[in-house]
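Labels run A, B, C, D, E and F following the written order; every chain starts at residue 1.
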Amino acid sequence: MKLLIVNPNSTTSMTEKIAACARRCAASGTEITAVNPADSPKSIEGYYDEAMSLRGLLEAVGKGEKDGYDGFVIACFDDTGLAACREIATGPVLGICEAGMHAASMLATGFSVVTTLPRSIPIIEDLAMLYGMQRKCRRVRAADVPVLALEETDGEARQKVLAEIRRAVRDDGSEAILLGCAGMADLTAWLSQEAGMPVIDGVVCAVKMLEALVGAGLRTSKIGAYAWPRRK
Amino acid sequence: MKLLIVNPNSTTSMTEKIAACARRCAASGTEITAVNPADSPKSIEGYYDEAMSLRGLLEAVGKGEKDGYDGFVIACFDDTGLAACREIATGPVLGICEAGMHAASMLATGFSVVTTLPRSIPIIEDLAMLYGMQRKCRRVRAADVPVLALEETDGEARQKVLAEIRRAVRDDGSEAILLGCAGMADLTAWLSQEAGMPVIDGVVCAVKMLEALVGAGLRTSKIGAYAWPRRK
Amino acid sequence: MKLLIVNPNSTTSMTEKIAACARRCAASGTEITAVNPADSPKSIEGYYDEAMSLRGLLEAVGKGEKDGYDGFVIACFDDTGLAACREIATGPVLGICEAGMHAASMLATGFSVVTTLPRSIPIIEDLAMLYGMQRKCRRVRAADVPVLALEETDGEARQKVLAEIRRAVRDDGSEAILLGCAGMADLTAWLSQEAGMPVIDGVVCAVKMLEALVGAGLRTSKIGAYAWPRRK
Amino acid sequence: MKLLIVNPNSTTSMTEKIAACARRCAASGTEITAVNPADSPKSIEGYYDEAMSLRGLLEAVGKGEKDGYDGFVIACFDDTGLAACREIATGPVLGICEAGMHAASMLATGFSVVTTLPRSIPIIEDLAMLYGMQRKCRRVRAADVPVLALEETDGEARQKVLAEIRRAVRDDGSEAILLGCAGMADLTAWLSQEAGMPVIDGVVCAVKMLEALVGAGLRTSKIGAYAWPRRK
Amino acid sequence: MKLLIVNPNSTTSMTEKIAACARRCAASGTEITAVNPADSPKSIEGYYDEAMSLRGLLEAVGKGEKDGYDGFVIACFDDTGLAACREIATGPVLGICEAGMHAASMLATGFSVVTTLPRSIPIIEDLAMLYGMQRKCRRVRAADVPVLALEETDGEARQKVLAEIRRAVRDDGSEAILLGCAGMADLTAWLSQEAGMPVIDGVVCAVKMLEALVGAGLRTSKIGAYAWPRRK
Amino acid sequence: MKLLIVNPNSTTSMTEKIAACARRCAASGTEITAVNPADSPKSIEGYYDEAMSLRGLLEAVGKGEKDGYDGFVIACFDDTGLAACREIATGPVLGICEAGMHAASMLATGFSVVTTLPRSIPIIEDLAMLYGMQRKCRRVRAADVPVLALEETDGEARQKVLAEIRRAVRDDGSEAILLGCAGMADLTAWLSQEAGMPVIDGVVCAVKMLEALVGAGLRTSKIGAYAWPRRK
């Protein structure tokens, strides 16, 4: 099975981190490719960045479709362009927020999301509503670290994320944590250990759920809103 | 007051129709400019078309912001890129679906949307939910006419729209109709007449509500999710 | 265009304040009349006061309809008798809570209401739900000042309102504030200045949106629940 | 236990029918009084009629409170003035729509309401939402008979109600029917018989639930929105 | 009227307390029997305990049905097996959470539940949603006392419950309290007194509402999901 | 990876069909065991059957936990006892309705469920709500075939299921179908072929998603409602 992961931003170090994380969790028969657009914002921090990343993202998925990939992951927690990508893909397409929320909802009666910046909170709250997760997702929190600070190695960012997880347990009554940024993927093991509870990464969930859907022989429905784009 | 209307698709005849419609309803002190991107899809019929229109749309709004426009209308019923545009505008930005739904909800206890193609139904249903209109909007219906067929003059498209309006009254218990495509703007008067009830066009609503918000001295909030895009 | 504003309580100083505020924001061609019933409660502070103001309110709207007014504003934040007034009006009828919530929802991803007394909180929460604003309206707060204290000039009331606004920004994540009482209309500019964010007054919103709907040629639907009252 | 039933309309034959129905179901120790305002509309068919009945209704409840009644029923399916009455009553106050919906929800997984006129449908749908019954109440239907036609004895009205019940079973998947007008109280037994399923009358439910609440020693909460009206 | 109360756990001292409480509030013509299964968990503290109590509960209700009981109360705040019991009963079957929530919603605009252990919070939140009470029930709180600690007489448990009630009033804006455990039934009077507001016990509510429904001649609907179990 | 599938009913032919279906879709390293309780109802057709199957189901999961299974599937579309099983399992536990709904929601904007008997519709509608799928799940339909009729080979049952799928496409606007009974697992390929759209089986989805969660190293959260049952 060949899976294509597209990181919609243009920070290749993040793409590599995502790829490494995906390959670690992938099944033996799964071949992972991870790419990012060249002309996209360096990080996706708001609606405008999302919009500016779409052409590159769609080109990457379109090329992946021609190259015969069996399924696609959009590796940005805003699930940028998810529905548009589904129109041009035969196989399933998953967002990491979507996959992470579905996974979390099957492991705990309630979870909190911990993302990077406060401005992303309303975006993720809207996704939670669109996915039907507004009850299970008890609160979306921000650790107040910019996305690219996660690429630095001094550890201040991870301490802020951990502190926010502790607030989520105490104040939200949450039983699991979903990390709200693809750039946090490498922190999962350490955070789970520290917090003593399931800390869930969307990249891993998306890769594994994509393997599941492809392995089940399922494909994106083409009889409605995800049908191929109309010729003009 | 200077208002900029951006039609996100590249069909200039539609842009002209929209501009004419907007000017007819604008207040005497309002100056209307209507533009469309050059490299956008001919029509917006689904998520992919939306995504492909965003760069051009954002460039047009960004230019308008520099040129001192007081407010902006996105003249596509999918409210393409609405939140992203708000990040780069000082004044208010309205989508025609959004403005139309708010207007309809203040004139009737329930309304139906009549749009062009069935594939747009889930898109508009999601907008209704995001705007809090899922109860007031009793049903989203499609007349099953492609967007560009509305540019033709043989009248078949308008008959299909009228037939769908009649079904909405009979089956949905709706008390008003919201036309679900900017390209239907010129049919409003005729349809209202035929149907004997408020038939509402989003372009007119957006222009008038934008005048209202600008006239009230209100601007897009810049302290949260609609703050200016972050420098990288 | 002739607009009638009805303040449902019988405090004429408040009616005058509302009228002044409405005239300041009205378009040049708009003629504003503001009235209040003589036999109504001095202030509307709860369901009972609302109920006791209805006959006078309806008489005022009924007379306005005969006198050819193009539209009506109910200038009480409980939107007292809104649906009943729509049954006896040809033009649009807007409540100031309704208009303010619709406006706020187009300028921010979330807003808080700051009203006078805690007992009004459930009333406004129910309105938010009826208008579909229960998500956008992140919280209804009370500054704990009686309505008529807003008519006093020592400034204590306004300080309490400002303090509550600051709590709303800090604790609710709100990006805009909607003032929850017609008697706060004259505080808007000062509060916006102090808070550094959109502080929205329902009276202004209702007047401007009413101008918008009337200007768009729209009227209350008469084919359903807002049809003229049945003869017995 | 002394219970006061107020029919908010001024049709005394309906008040008598309601009283008879209430007395038939009341417990042995329950004393039923039923009254109606003199200056109210003949029937409540819409928001305007509701509003015009409120002063008389509140006077009746206020007098009942002074006379020591233990609890109150508002015998109109729009639950006219329910919250306002609670402000001026020590004991519980129930609406017949409210009591009927609560009862139906404990006997069936879903029910339909059959009311008189289509214009009442949005009113009852809003009540269902306020009471949290929007899922259990699968549909509000109208038999299209004016309220006062139920006072006639030719049987045409009851046949229309039965036909609508049959549609509710077939099309809504409902397992019980709630009659949506106090004037239908005397049809309950016949309709249950014909339809072979629980057909529920709100008057009976309200009387019995009021006996239950009073018997449990429960009273209207006076620490929030139902506190006594403020002195001005 | 003969009513059967089944306490699904096997702690007979709790069954006796429940029976005493039920008999104190029952009408003169009502005969109360209270039983519990022998082989059930000592207390119901979570989903597993619920599941393990079901066979005994169903046997008790099944026997009660044969013995001609007119209605049934399930005296556990998780409303264990409520729907299953309805399939095998002719008369109405009420849960104490369900009855308590319906009662509270008719006495206050919002209430909080105070239960025993934090692990029961998601269970009761789900019940609130299923009963349509997710808005009226402003929060479910736990006093963090095990169920059987309520059987001890040193008073520590009741002080914890009272402290949690005080937090509910201050932080949730609740106007009434619903006690979230059948074992709290004997604390109701003392807590109401201390808190100065309606403190509601589900056992009393269920008994009185069951008297109401049986007295109204109403029975469980047998034409849908509560029909008798299918023969295999 | 060792997965245990528990069919809560006692029809071993159905258990074998489920096992065969699970093994066909399982990854190469996955070992599938399928069991059913001996003393359970022959089929689960309603709440009572569910309740009567729980002890056997929990024993099977408890034994599986001791035997070191990595995860569990409950192979009944009512997701019988799902939360209770999570309390006694270290690894993830999935219901087939739950897994199927999550899968369907990632492949289509809306889907319909086609189950066996009408009495199961409210059960599945409640599950949809609990899982947050009430919007995506556009309708729950019943083909009106008893569960055990699916074990017969004359083909009448499958024709009824196909007819209901066709109605779902035409009337619900659904883009995918979820089969609402474990006993339909072997019909999936034929129905997909006939209907020309994704027809999804919950057993396959649950097995593949369980592989995904286990493969991602995720386990049931043990810090809240799914903690181990309390010792008494």
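The criterion applied here is as follows: a contact is a pair of C-beta atoms (placed from the backbone, for glycine too) under 8 Å apart; a residue touches a chain by one contact, two chains touch by 3 or more.
Note that the structure is a prediction, hence the values are computed from the model and not measured.
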{"item": "Where subunit B and subunit E overlap in contact partners, by chain label", "value": "A, C, D, F"}
{"item": "Least step count from subunit B to subunit C, where 1 means the two chains touch", "value": "1"}
{"item": "Distance from subunit F to subunit C - Cα centre to Cα centre, in angstrom", "value": "51"}
{"item": "Computed distance of Cα centres, subunit F from subunit A, in Å", "value": "27"}
{"item": "Length of the line joining the C-alpha centres of subunit D and subunit F, rounded to whole Å", "value": "43"}
{"item": "Approximate Å spacing (C-alpha centroids) for the pair subunit C, subunit D", "value": "31"}
{"item": "Sequence positions of subunit C contacting 2 or more other chains", "value": "83, 109-110, 118, 121-122, 129, 135, 173, 224-225"}
{"item": "Category of the chain touch graph - line, ring, star, complete, other", "value": "other"}
{"item": "Pairwise chain contacts under the document criterion", "value": "A-B, A-C, A-E, A-F, B-C, B-D, B-F, C-D, C-E, D-E, D-F, E-F"}
{"item": "Complex contact set, residues of subunit F against subunit D", "value": "118, 121-122, 129"}
{"item": "Contacting residues of subunit F [partner subunit B, same complex]", "value": "109-110, 135, 173"}
{"item": "In the complex, subunit A residues that touch subunit B", "value": "41-43, 45-52, 54-55, 58, 81, 83-84, 86-88, 117-123, 126, 129-130, 146, 148, 224-227, 229-230, 232"}
{"item": "Residue ranges of subunit C touching subunit B (in the complex, touch as defined)", "value": "25, 27-29, 83, 92, 94, 98-99, 102-103, 105-110, 131-136, 169, 173-176, 196-198, 200, 204-205, 208-209, 211-213, 215-221, 223-226"}
